[in-house]
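Order as written gives the chain letters A, B, C, D and E; numbering starts at 1 within each chain.
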Amino acid sequence: MATEHTALLAAQDLHAHYGQSHILQGISFSLQPGVALGLLGRNGMGKTTLIRTLLAQVRASGGEVWVKGHKVTQERTEHIVRRGIGVVPEGRGVFPNLSVRENLQMAARPGTRGQVDWTFERVLQTFPRLGERLGNGGGQLSGGEQQMLAIGRALMTNPDLLILDEATEGLAPLVVAEIWRVIALIRASGMSTLVVDRNYQKVLAHTDRCLVLEKGRLVLEGASDDLADDEAALHRYLGV
Amino acid sequence: MSTLMLQAQSVSRFFGGLKAVEDVSVDLHRDELHAVIGTNGAGKSTLINLLSGELPLSAGRVSLMGEDITHWRQPKRARAGLGRSYQRNTIFTPFTVRENCRLSAQARWPRAWNWWQPASRCALSNTAAEEALQRAGLGDVAERVAGTLSHGQKRQLEIAMCLAGAPKVLLLDEPLAGMGAEETERMLALLGELKRDHAILLVEHDMDAVFRVADRITVMVNGRVIASDAPEAIRQHPEVRAAYLGDSVGAGHGH
Amino acid sequence: MDLATFLVQCLNAIQYGLLLFLVASGLTLIFGIMGVINLAHGSFYMIGAYMAYALAPGVQQVLGGGFFITLLVGVVLSVLLGYVLEWVFFSYLYEREHLQQVLMTYGLILVFEELRSIAVGDDVHGVTPPEWLSGSIALGDLMSYPVYRLFISAVCLGVALAMWWVLAKTRLGMRIRAGASNREMVQAMGINIRLLYRIVFAVGVALAALAGMIAAPVSSVYPGMGSSVLIICFVVVVIGGIGSIKGALVAALLVGVVDTFGKVLVPSVAGLSVYLLMAAMLLWKPEGLFKANG
Amino acid sequence: QGQKLKVGLMLPYTGTFAALGTAIENGFRLQLAEQGGKIGGREVEFFKVDDESDPSKATENVNKLIKRDGVDVIIGSVHSGVAMAMAKAAKDNNVLLIVPNAGADAVTGPMCAPNIFRSSFSNWQPGFAMGEVMAKKGHKRVVTITWKYAAGDESVKGFKEAFTKGGGEVIKDLTLPFPNVEFQALLTEIAAAKPDAVFTFFAGGGAVKFVKDYDAAGLKKTIPLYGSGFLTDGTLEAQGASAEGLFTALHYGDSLNTPRDNAFRLAYAKTYKLQPDVYAVQGYDAAQILGVGLNAVKGDVSKKAEFAAAVQKAKIDSPRGPFMLSKAHNPVQDFYLRQVVGKENKVVGVASKALTDPARGCKM
Amino acid sequence: MSKLPWARVMPVLLAFGVLAALPALISGFYVELAMKVMILAIFALSLELLVGQTGLVCFGHAAFFGIGAYAVTLLSPEGEAGSLWWTLPAACGAAGVYALAVGALSLRTKGVYFIMITLAFAQMAYFVVHDTPLGGGSDGIYLYFKPVAAVAGHTLLDLDKPTQLYGFVWACLGACFVASAVLLKSRFGRALAGIKANEQRMRAAGFATFGYKLAIFVVSAMMAGLAGYLFALKDGFVNPEMLSWHQSGAVLIMIILGGLGHLRGAVLGAFAFALLQELFQSQAVFGAFAKHWQLMLGLTIIAFVALMPRGLVGLLHKEGAK
């Protein structure tokens, strides 16, 4: 398939299991450079699992994953990520025993093209709240502060693709708005994004294309604008 | 007139120099859902920790149905009817969903220390658990091991466990976080139902939801209460809009 | 006790404490960062001491000898040993329950002890320090103090400083500490945690072996020397706060002081003193003196 | 008696005392070979158990030999606590026991029995011998230092008994927990106390470290150090120059230079490519005691009384010099004063002649 | 009990049956070995209650074992047999009282800190018996007369008789096993499991977890004291090494080897550990190489860890793995 070679990220008939249960049941999609992709679905449909499988945090039981034309199915997480992916995982994954400063610094890395768009200073500018708590341990932050830290940390790796799994969970409306603003900013800068969020309206508004997952299968794929108008589909797959 | 269930008077909690909660007073009445909203790090979770007894107070007083419980430890408060959920999941990952609820129910019933009778034969906690499961919409996955649930399902279980203990006062820390649209609806319906015979304190960032169910809203910023009023008044409150709501929640933007 | 004696006792306490620190530092590193309760740590100490004894003739022949060359060879060998051990025995245990690792390290103790017995026998041996360190300094008219002991103290301080700097100040150190709390997340940041862990383990082993080699000239080399040092090391690590280098240093000095003055002032319960200290410290600070933060 | 004689060796083959266990077995086998591989006219079959120097497993280990293997005689062990358990089991099951090292006073004290013998010494003995020597040398104020455990206590007790009888005074008893080897604090105490001399009991790795530390602290030049013989036995190579000139008391030494000893040493060195030590001698003599007894009963181990009578009458022709067994079955032997010269514990005199353990508590 | 899972209970019953019949089948030494292993199994069982079921890793369990053993030795009269009726409760009680003190202090700590503080208290007990005249010093002391159980002058049980002692040990193991199994299924037992899984949540649900932990700590210590009591009777000799950290370590190794989280694991582990050591030390099997038993044991343990992530019980019910 041609797309696999041009795509930033692509999956071919991807399967994954947790023990006996077949979670991902043959998923194929591709994400072109510069595209913002949304991933929607009810609770427990496999969104997080898909992300984790793409990153080899869950072993794929079948199918292939491609990053920038390289087949990475056999590679380990760190190698895949180093090809230019930044991750904000579900549950944040802030390092509680490192200070805020260290959480950011440990991740710092120039992008795959040598670009250093996101620096320590720029992250603090984007999230001033973090600047006030630089010396605090990551574990002492409030939930929202941790979420900002996780995003900031992912940006410090200057990725080509930023994956956000429920990045706005537990954030104050102002901050949520701020994060969507940042996501829009990132999108505008040409960085690709893969966004999972419970607020489907925001996801649809901030992405070019969307995938809808149901019980581990891709049931819908299309332009976000189209989907936003398709009330029947939204009701059917998201229960709204 | 609704009964006053839980009252916090000028409670404070300091972490070193940080005043996480400072001079906060809240009243929780039966048949009233009291929402506490506020910026991240405002001290909402800390407030719940203070009320539930997880953290000792630096200053202030807490009373439950007129009784001073400031110096009670957490388990005793819980047995007296203070139930809470956590912002981060605290489920028993190795147990089944049902067992999670059963265990949560157990402490409240007599002879919790019984060591010869099989726990599975404790009818009281079994029914309590079953009821909580149904209410939280987890009936289908009751036999699943809790650790294998998806994030949203775990959040539901977190609430179910809180309910299983048959509390009189519910302190819910962001119960809607991580739930999908459908589950959010169900949870809001549940809250409306629970409200009738419980006093509920709801910490939540989903403003649509909060404004739909709350009877009273307290807003915290940096450890202090900046406003406490009926929802409509809060929605218009300039300080609250500036510090927390922003423009995202336009006046009257419902569903 | 007059002032002069008291001061000399303080010197003894510090010197002992520093040596303890050197042995315990590797343990706290492996323990705090990888979560491996390494019972075999004492064995690495023993292996180090035996290397100081057994390698010397070979090094003499091939490289022209010298205590420091032996030391260097020993450190290189122990890094290799640690690297291979982690690779073969530990790398697949991280997902398992911690106690499985305990069982594994217990097995290793038995194996190392027996291999040592087969390879070099069960006799007690001495190791001579280099010529220029073998003198001593007079401490008043009381007694004299061997220069070599001062040298040990200097090495220990050097190691403490270097470790603190790497862990607290460098990005490598941050990444290592991050791995302590969330391995998967470190991987998701694009960092090769397996390699990092392997290196940490190897360094931990090397530190224990280095301690053994450095201590060999004063402690001599004998079977069972590992197990006697193991428990006291755990005491140091726990009092200091697991994973904290600073804590290990402070705790080691504390243990040194308590042990030294315990023996002198209340000899009948001297055996208890260190454990009393640990119990008291943990009751006061249930998580050790310093939380792991470098 | 066509059947083989079953000999159980319960010795440490692993751990700190492993080298001692091997030496004892070597000595025993050497003597056996010299008797033509037979004792009391019977071929010998060995059963070995590693006692790990762990007293909590000792009863079970000795029962392996007694109940599982059904041995006729047991040889062991090094660790006193283990030997205590063995003595109990031997007494309960009425099996011959010869202790080739462990010095616990109780074995030939309260625990003494017709079927229990010792080819080595009691802890009391070398201490007492050294006490006599130091008193005679004119030392008046002495500090003792040892580990806080039974062997150390008993040894120091023996020393004090003789030393105070000879007019000396022990100004300080220093102890440290077993097996702690951090001596520096106590050395400082010694330096501060400025005694005429120091008496010590240490063995193995602790002995090496103590002697080296004592020297390194500069005390060796100013305050003479005396010890029970184990201070410098099997440890000289490791102690190096630090041990040079030290005086110790023991029932054996390196240059006895008697024809008996020379023959033994030559044979041992030839067989094992090693120099023998006191442990080898004790093992060797354990075999001799067994031989004397069994010859008297023509190999019939069930005749315990005759066996004991014969052994008590006999003069054991040991490389250390001939000795007899006391009523409590502990050797009545000469204790030599030895001085370290190079890599040898050179015998320079007799510290105490035909020294008998008081066997306090023995009702036999 | 409503329904026992027979598939799992049968093998256990069978094993107990075989143990009961053992004295009739094999020679004296092996009976004694079996007795020792049963005592160790009681010891391991007691630790399993703490480590496997409550998640409290205690690294000083030998102290309670040793206290039980020393108690009976020191309390028995010099020249005659003591009475089982009060020496046994006294021994268990002594262990329990010490555990109450240790637990009250140490249960405030968590994880590795708990491991180490229990070690600290055990070492204190060790040094008390090792260094003071109280416990007879480093060489240990003897128990000359083993207790008897008499009712109205009529001797029911004379533990000086090997077969009676064997039977008594067997009964104790059975009783401990059944009691533990019942306890774990009960509300109290489930609360312990909950504490292991998530103590914070248990407190929020209204369990005063400290009390639960202290209770099981004391119960476990008393059971360890019982094991120590029996061990002292078996040997008639106690020694400070019974309280040493090596002993604490060994019993911990047994339950890990057997498989944590299962009572059967503790018993299996005790049998496996003791018998493997026995096997490797046996000259009859390995000849001169028996001298290197440590090497073989060490390698076997490593192999166990590598191949059996869930311990020996993992072997037993692989099919029903959940």
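Convention: a contact is a pair of C-beta atoms (placed from the backbone, for glycine too) under 8 Å apart; a residue touches a chain by one contact, two chains touch by 3 or more.
Chain-to-protein mapping (UniProt): A, B = ABC transporter ATP-binding protein; C, E = Branched-chain amino acid ABC transporter permease.
Only a predicted model underlies this, so the values are computations on that prediction, with no experimental measurement involved.
Both subunit A and subunit E are touched by B, C. Comparing chain pairs C-E and D-E by the number of C-beta pairs in contact, the larger count belongs to C-E.
Separation between the centroids of subunit A and subunit B, computed from CA atoms only, is 30 Å.
Averaging Cα coordinates per chain places subunit B and subunit C 48 Å apart.
In terms of their C-alpha centroids, the spacing between subunit A and subunit D amounts to 75 Å. Mean C-alpha positions place subunit B and subunit E at a centre distance of 44 Å. Within subunit E, contacts with two or more other chains are made by residues 127, 130-131, 246, 294. Along subunit A, no residue makes contact with two or more other chains. In subunit C, the residues that reach two or more other chains under the touch definition are 113-114, 268, 271. Chain pairs that touch, as defined above: A-B, A-C, B-E, C-D, C-E, D-E. The part of subunit C that touches subunit A in the complex is made up of residues 171, 174-175, 177-178, 180-182, 184-185, 187-194, 291-293. Contact residues on subunit D toward subunit C in their complex (touch as defined above): 14-16, 18-19, 22, 148, 174-177, 179-182, 184-189, 191-192, 204-205, 208-209, 212-213, 216-219, 234-235, 237-240. Per the touch definition, subunit E reaches subunit D in the complex via residues 27-30, 32-33, 36, 127, 130-131, 137-140, 142, 234-237, 239-242, 244, 246-247, 281, 283, 290-291, 293-294.
Residues 31, 37, 39, 89, 93, 96-97, 99-100, 102-104, 106-111, 113-115, 118, 227, 231, 234-235, 238, 242, 268-269, 271-272, 275-276, 278-279, 282-283, 286-288 of subunit C are the ones that touch subunit E when the two sit in their complex. On subunit C, the positions that touch subunit D within their shared complex are 1-2, 4-5, 8-9, 12-13, 15-16, 113-114, 117, 121-126, 128, 136, 138, 142-146, 148-149, 218-225, 228, 259-261, 263-264, 267-268, 270-271.
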